[in-house]
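Here subunit A shows up in two complexes: once beside subunit B, once beside subunit C.
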Partner chain A sequence: MKKKIAMYWGAGCGGCDVSLLGIHEKLLELLDDIEIVFWPCATDFKYEDLEKMPDKSIDIAFYNGAIRTSENEEIAKLLRKKSKILVAYGSCAIEGCIIGLANLYDKEEIFRAVYLENETTPNKEKIVPKEKAGELELPEFLPHLKVLSNVVKVDAVIPGCPPPKPVLIEALEALLSGKTQFGKSVALCDECPRRDTKPDKIEIDRFYRWHEKQDDGKCFLAQGIICMGPATLAGCGGECIAANIPCTGCMGPPPKVRNQGAAMLSAIASLLGEMDEEREKEVIESIQDMVGTFYKYTTAKLLPKGRVKDEG
Partner chain B sequence: MARRIGVFVCHCGVNIAGVVDVEKVAEELRKYPGVAFATTYQYMCSDPGQNLIRQKIEEENLDAVVIAACSPSMHEETFRNVCKDYFNPQRCEMANIREQCSWVHEKEEATEKAIKIVKATVEKLKGNEDLTPIYVPVEKKCLVIGGGIAGIQAALDIADAGYEVILVEKEPSIGGRMAQLSETFPTLDCSQCILTPKMVAVSRHPKIKLMAYSEVIDISGYVGNFDVKILKKPRYVDEDACTVCGDCEKVCPVIVPNEFDMEKKPRKAIFIPFPQAVPSTYTIDREACLGLAPLTCAECREACEANAINYDMQPKIVEEKVGAIIVATGYDLYDKSNLVEYGYGEDDDIITSLEFERMLSASGPTGGNIIKPSTGETPKKVVFVQCAGSRDKQHMPYCSSICCMYTAKHALLYKHHVPDGEAYVFYIDIRATGKDYEEFINNVMEEERINYIRGKVAKIFREGDKIVVWGVDTLTGKKVEIKADLVVLAMAIVGRKETKEIAQLLKVATGVGGFLKESHPKLKPVEALSRGIYFAGCAQAPKDIPATVAQASAAASKVLALFAKDKLEKDPMVAVVDEEHCSGCGVCISVCPYGAMQRQPNGKAKCIEALCEGCGTCAAACPSNNIEMRNYRDEQIEKMIEVII
Partner chain C sequence: MSFEPEIVAFLCNWCAYAGADMAGTSRLKYPANVVPIKVMCSGRVDPEFILEAFERGADGVFIGGCHPGDCHYVNGNIRTRRRVEMLKKLLEQMGINPRRLRLEWVSATEGAKFARVMKEFVEEIRQLGPSPLRRK
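This part shows the complex of A and B:
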């Protein structure tokens, strides 16, 4: 019997929906085994269609994107009710991803930046979205961005921003055969295309952003270019690195690491070469955008209630 | 797992009990789950204190103990030794309530903190596993790198004790810097005369395998078990066949400067660096020789009656297994071209201290005569500049330690050669701390009538046939100008660049000036941080001959202590890598200060337990959180934190 599949796009860029098409002809093979019962992005379904389905009638539901609005939250709960297996699909659903960086700010700050202060958004009337405008009612913009597991029980995760082809194919095959555990359990260095270029001793004297240094084709970290690979789960095959771009960590941390950013920061700090304290401070402060570098994908998961405000 | 834990709270006189309410600590701990007994005592480390622990272990049937006292680095060994008669030493833990509590806190909060520290330690102890010590076999053979006086002394000491030594020297002859010196302070012994017998002893010693003209190119392994690769460079002359008749040298058409004479004396392409060289053999300088490739000259081979010359000799790589390594790679002079204010030292009549030593030597470039190099005349006025590059933030910040003494010697020898000459010495302070050194300096100043000027030289430049030295006399506050015939710079001493290369092979650190970093500056001055590696001589810091010889003997005695055992016992508190989850990122390998983390052929990291000192740096740095310290596992640390906060 064909498995009933649902896919929902929460708060996200849409890349996850597209990534499903990225598996190319493999998708055609899969189509023989599946029946799509709900996929608003690709086919015409209404929420009421979903509501009418019997509970647990969907075999596998994929939820991509994070939970930013009350609507996202409602659908997440509905999908949980209607499906046997609920899968967090992609970095947004698992740990908040780039949009999760919004948890460094509150709702007012976000609206002010987006609708009032953004120079490319003409807004002479200074209109800010409201939940109720006359007859119209909009979903609530939640105080903080949530990840799927904050709202409902999640049975499986497919990491990546969006999930890379090899990760996705392995995950889909596993899920269709009833498995919820799949993927690798080591960090990216294990399969890095530059694996053999690692020197015996990595010693960092200063950091370079990638445009500041001519890439010599060797391990990025050894070149002083921050690469999140050592603290990032393998599986993608290092496709960014194959394209000469250091890893930014979208696959999330390997299994034993709870805090990807802290793990990498601690590693990087240990790799600094011999220098006096003053120079050390200078070198560390030269890292542009600490949070965006080390917590690019995991901020929302680690800060579900937003930032702890400085006192005073 | 421990079920009946005993807690012993130490007063440490008033050190702890003066601040912490020790009775209250014991009382609180008595109520804590898993604790069967708690008491206090005046000095737990004393003999009666240790007996109290024994007695209570027996009486109370304890299966583990926490000693709440000072830092484990102080007494952990003491207390574990007490406990090992009853149970695994890992069942004894120390709670540091002195350095981390009573010494740094006020009364009430100190007591509160002490209770928390002890409770946390109890929690850690509950998670401890019984461990057995690690045993490592020892290969009783020592590698000595560098054949100067430090390496020679260390090699002889170890060989005399009956162990095999491989002495590697990269130059054609052993002897090092000491062989280049004329006379030594403060006794004015002839340097060559006291060194040569030792050089010969090395070459004749049945336990010493001398590998001159060779370089160490690879070192792997760990204490007791190092694998070393040594490159034996081709001399193109058979060491054993060469009779040192000198016929080859006479016919060789190529003339180049002799490095041994600081390039101030010519030698041929086939040469012996100095007459007393050991091994006593000629060597062909590959770069200079015409005959090697292409075959355009074979004068020396035709002249050699002993048939010792072989142009087809190839480099050879020799592999050796050794248990210990002594690094005695010596020093270099700081490059005088860095001294902008002294005219980059480019002028012929501005020379370095080592060039002056060669000039004083009877076998040196001038046959022992002191000359003004630009003209060959006898210099009537000589200025000696101390601290050239030393004690100077723009160059080397440290004191090079021997310059005060050898400069005094230089001035004295100059006066003996040129009694009517004038000698000036610019100095910052005179540092004459060795035995009979101060007396020597006083003798030079007073008897030899050398002009000592306290101050730094600001500028040195040529004016006609004179070298003008501008300085200041800080005792009179007056500017000084001396028009000299010859200026001798007492150059700073720096570590050789080869020292850095060897340090990288050994994974030991070097510091300012390129000197090797010892494990502890006071208590372990000849040991590297990694076990089984020792230092001797100026590779570690600038020092004079007696200090070098003493340090070499010290390093040798450390090696002998190592070789006295068939197996080494090691604390089992080491790092453990979860290989399955290791990505091979190399962070642990890069951060391990002991070289204990090594990459396996499959790319994954492995802890060489014999080398691991249990510092935990790798566990903290591992970005996959994949390394745990035995008995310092995450669950244990988390439980400790839970108790504390």
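This part shows the complex of A and C:
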């Protein structure tokens, strides 16, 4: 019997929906075994249709995107009720991803930046979205961004922003054969295309941002360019590094690491070469954005209730 | 009820913990707000431990290690100094006052210093008030 599949697009860029099409011919093969019962991005289904389905009637539901509005939350709960297996698909659903960086700001700050202060958004009337305007009702913009596991029980995760092709194919095959555990458990360095160029001992004397240094084709960390490889789960094959871009950590941490940013921060401290305390401070000061560098994809996990307000 | 700070102190086995022992055997008094955790080296203190302490509501986190050059494992304390420097920047961005995290070098003979630093730190945290992440 064909497995019933659902895919929902929460708060995200849409890249995850595209990534499912990005497995190319493999999708045609999979289509023999699956039946799509809900996929708003690609097919014409309404929320009503989902509500009418019997509970647990969907075999596997994929949820991509984070939970930013009350609508996202409602559908997450509905999908949980209607599905046997609920999968957090992509970095947003698992750990908040880029949009999770919004947890550094509160709702008012975000609205002000987006609707009032953004120079490319003409808004003379200073209109800011409201939940109620006359008879119309909009979903609530939640006080902070949540990830899927904050709201419902999640059975499996497919990491990546969006999940890279090899990761996705392995995950889909495993899920269709009834497994919820799959993927690698080592760090990206293990499969890095520049692995052989890593010296035995890395000693960083200063940090460079990507554009500040001509890439010599060797291990990025050895060049003083921050690469999240050591604290990031393998599986993507180092696609970015093959394109001469350091890893920023979208696959999230390997299974035994809970806090990806802390792990990387710890590694960086060990990789700094010998220098006096004053120079050490200067070098560390040159990392301008700690959260954006080390928690680019995991801020929503670091700050689940938004930025801390320490009055002291 | 008045606010009593809760402070987690990671102390290295060779210097800071021995310093705390020294404070004890010398009958020196310091506030009871400090919960010591012995680690083999201040370099063992994973940034994750510190963030978790704050996440679970610690009002302050203290790390005590050997003086630079004295580390039992050569340079564990230097790595810690760098981690703490980075963590303070991170805490600031997260909205947590970086003064809630403090690193000090305490040798095995510096019982008096240990007691003094603890008094100071508890007082400083008292001034800062309870951590916003404290469990009610």
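Just so it is clear, the second predicted complex is superposed on the first by the 311 of 312 C-alpha atoms of A that agree within 3 Å, B and C clash if a C-alpha of one lies under 4 Å from a C-alpha of the other, contacts with A are read in each partner's own complex, and residues count from 1 in each chain.
In the analysis below, a contact is a pair of C-beta atoms (placed from the backbone, for glycine too) under 8 Å apart; a residue touches a chain by one contact, two chains touch by 3 or more.
What you see is a predicted model, and the numbers here were worked out from it, not measured in a lab.
Q: Will subunit C clash with subunit B on subunit A after the two structures are superposed, or do they fit?
A: After superposition on subunit A, subunit B vs subunit C: clash.
Q: Examine A:I5 and indicate which partner it touches, taking first as subunit B and second as subunit C; both and neither are also allowed.
A: neither
Q: So, A:R307: does it touch subunit B (first), subunit C (second), both, or neither?
A: A:R307 sits against subunit C, while subunit B stays out of touch.
Q: If you stack the two complexes on chain A, which partner ends up touching A:I23: first (subunit B), second (subunit C), both, or neither?
A: So A:I23 meets neither subunit B nor subunit C here.
Q: Looking at the overlay, does A:S270 come into contact with subunit B only (first), subunit C only (second), both, or neither?
A: In the superposed model, A:S270 contacts both subunit B and subunit C.
Q: Of the two partner chains, subunit B (first) and subunit C (second), which one does A:G229 touch, if any: first, second, both, or neither?
A: first
Q: Examine A:L168 and indicate which partner it touches, taking first as subunit B and second as subunit C; both and neither are also allowed.
A: Neither: A:L168 stays clear of subunit B and subunit C.
Q: Return first, second, both or neither, reflecting whether A:C189 touches subunit B, subunit C, both chains, or no partner chain.
A: Touch partner of A:C189: subunit B, not subunit C.
Q: Where does subunit B run into subunit C after the fit on chain A, at 26-34, 98-106 or 224-232?
A: The one stretch of subunit B in steric conflict with subunit C is 98-106.
Q: Taking the stated contact definition, name every residue in subunit A that is touched by subunit B in one complex and by subunit C in the other, in rising order.
A: Overlap of subunit B and subunit C footprints on subunit A: residues 258, 263, 266, 270.
Q: Looking at the complex, which residues from subunit A come into contact with subunit B?
A: 185-190, 195, 198-203, 219, 221, 229-231, 234, 254-258, 263-264, 266-267, 270-271, 274
Q: Quick one: which bits of subunit A touch subunit C in the complex? Just the residue numbers, please.
A: Per the touch definition, subunit A meets subunit C at residues 104, 258-259, 261-263, 265-266, 268-270, 272, 277, 280-281, 284-285, 287, 289-291, 294, 302-303, 307-312.
Q: Which bits of subunit C are touching subunit A when the two form their complex?
A: That would be residues 46-48, 51-52, 79-83, 85-87, 89-90, 93-97, 99-100, 127-129, 131-133 of subunit C.
Q: Within their complex, state which residues of subunit B touch subunit A.
A: Those in contact with subunit A are residues 504, 507, 509, 578, 580-587, 589-591, 599, 603, 617, 620-626.
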